[in-house]
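Think of it as A, B, C and D in the order they're written, each chain with its own count starting at 1.
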Amino acid sequence: MKTPREIVETMLQQDAFSHLLGMELLEIEKGFCVLRCTVTSQMTNGFGIAHGGITYSLADSALAFASNAYGVHCFSVDTNIAHIKKVKLGDVLTATCTESHRGKRTGVYVVEIQNQEGMRVAYFRGTVFISSEDW
Amino acid sequence: MKTPREIVETMLQQDAFSHLLGMELLEIEKGFCVLRCTVTSQMTNGFGIAHGGITYSLADSALAFASNAYGVHCFSVDTNIAHIKKVKLGDVLTATCTESHRGKRTGVYVVEIQNQEGMRVAYFRGTVFISSEDW
Amino acid sequence: MKTPREIVETMLQQDAFSHLLGMELLEIEKGFCVLRCTVTSQMTNGFGIAHGGITYSLADSALAFASNAYGVHCFSVDTNIAHIKKVKLGDVLTATCTESHRGKRTGVYVVEIQNQEGMRVAYFRGTVFISSEDW
Amino acid sequence: MKTPREIVETMLQQDAFSHLLGMELLEIEKGFCVLRCTVTSQMTNGFGIAHGGITYSLADSALAFASNAYGVHCFSVDTNIAHIKKVKLGDVLTATCTESHRGKRTGVYVVEIQNQEGMRVAYFRGTVFISSEDW
């Protein structure tokens, strides 16, 4: 039986997009994950601030890792994100994913994303479908 | 007075992340935008399919362009996306953003994302805040 | 095998809250439902307009009926609603639910709610879990 | 200048729908609210459990009270709710609304709804538009 860290490090190794965004795995347990990334000049939008897709992608990866850490494949089904504060070039984002609920077939996870000053920049929630396929 | 296309081409020129994902502007009007991108090997996740952040980012850019095409700055506030069908390496995604509502201070936009076979892969809705700052 | 209308009329008969809000079933097919209700003085909030729960409840019932009309129990998992236009006392609301996707275990449905003038007042999307229990 | 409690008691007095559902105000501060209601036989759906509109309406009222307690009119714009656990006839629901963010024109609020056993039954987030009209 693989540990949560083994499963998620395997996932992360194959996760080209999380690598492209420079995501680092800080903590991982069943239903819990902390991820970090730094906003580079490749990640800004037409306003010169971080594209909304950056915080979403970080949160979505945290959701994937936290929910898959149990050892069965989970897929996000419906997700939402409120963008609360502008994210600037050079900001260091930390996403913390916690489990609100895990039933037989669906789970609900919340991710808070903070910047390097500890200010919340986005608020994400995702529902996953829990399959029966093992990692 | 700038045209929708002039405004959005200026935005897109400065939008490093949309460039990184290879987004192409196919159509633009006030409240309407069609964007396209192809899923490359940089955009996959730990399951070997497109990261959820790809469809989200494409939809969020389409939202930004459609809502900003009126000539005033608009910022997405709350967004949600349902991932309906797996997106594979090599898939060509087309996001079509239409306006559901535009009031004085808030607007609501829906984005449908289809693959090259015309199958819907994701369903996005976003609420924007309409500022008073001109482009 | 029960027809969609038989299933949903059985559901509606037992659905005390939909009755309390005076919901009428106008159309029903697998994956499709049209419901109507009129805003009474019991349904207003502290601003003297319809409580947000009215449009949500109407949409959620439409989702339940459209998704259950296939003959197996479906439960809403994650739902969202954008309130676009104020709903007033006496307004007649019509909710039209269409199916965006129906897979093996999850389905995605969109509901548009219009008033008696054909103006859209709210925009709803819901993801359901499809169980294996028959009606 | 009215206190948060004065403002919200005025709102609640005029809020016919919150009364219909038997909502009681337990705590109120700027950006914070606790509301309670009991699931009666009028509030069940076609499955014999609480209609999804009950938890939504309770959460939406808590959002309205918490955000309006500052003394200016706030309107919910985009809201979402995950239904985590079935709510049964006789259950006593407590909704606790906390403020995630309050800017100049928009605010984000989270509401957790628990049953009488302290189990979370639903998870709600709402974005409000902050007007310039005083209570």
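Everything below uses one rule, namely that a contact is a pair of C-beta atoms (placed from the backbone, for glycine too) under 8 Å apart; a residue touches a chain by one contact, two chains touch by 3 or more.
Remember, predicted model here, so these are calculated numbers, not experimental data.
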item: Chain labels contacting subunit A and also subunit C; value: B, D
item: Chain whose Cα centroid lies at the greatest distance from that of subunit C; value: A
item: Chain centre separation (subunit B, subunit C; CA means) in Å; value: 28
item: Between subunit A and subunit B, centroid-to-centroid distance (C-alpha), Å; value: 21
item: Centre-of-Cα separation between subunit D and subunit B, whole angstrom; value: 32
item: Numbers and ranges of subunit D residues touching at least 2 other chains; value: 77-78, 80, 82, 108, 125, 127
item: Chain-level touch network, classified as line, ring, star, complete or other; value: complete
item: Contacting residues of subunit D [partner subunit C, same complex]; value: 10-18, 20-21, 41-48, 50-54, 56-57, 60-61, 64, 68, 73, 75-83
item: Subunit A-facing residues of subunit D, complex; value: 80, 82, 84-85, 100-101, 103, 108, 110, 120, 123, 125, 127
item: Parts of subunit A lying in touch with subunit C, wherever the complex brings them together; value: 77-78, 80, 105-106, 108, 125, 127, 129
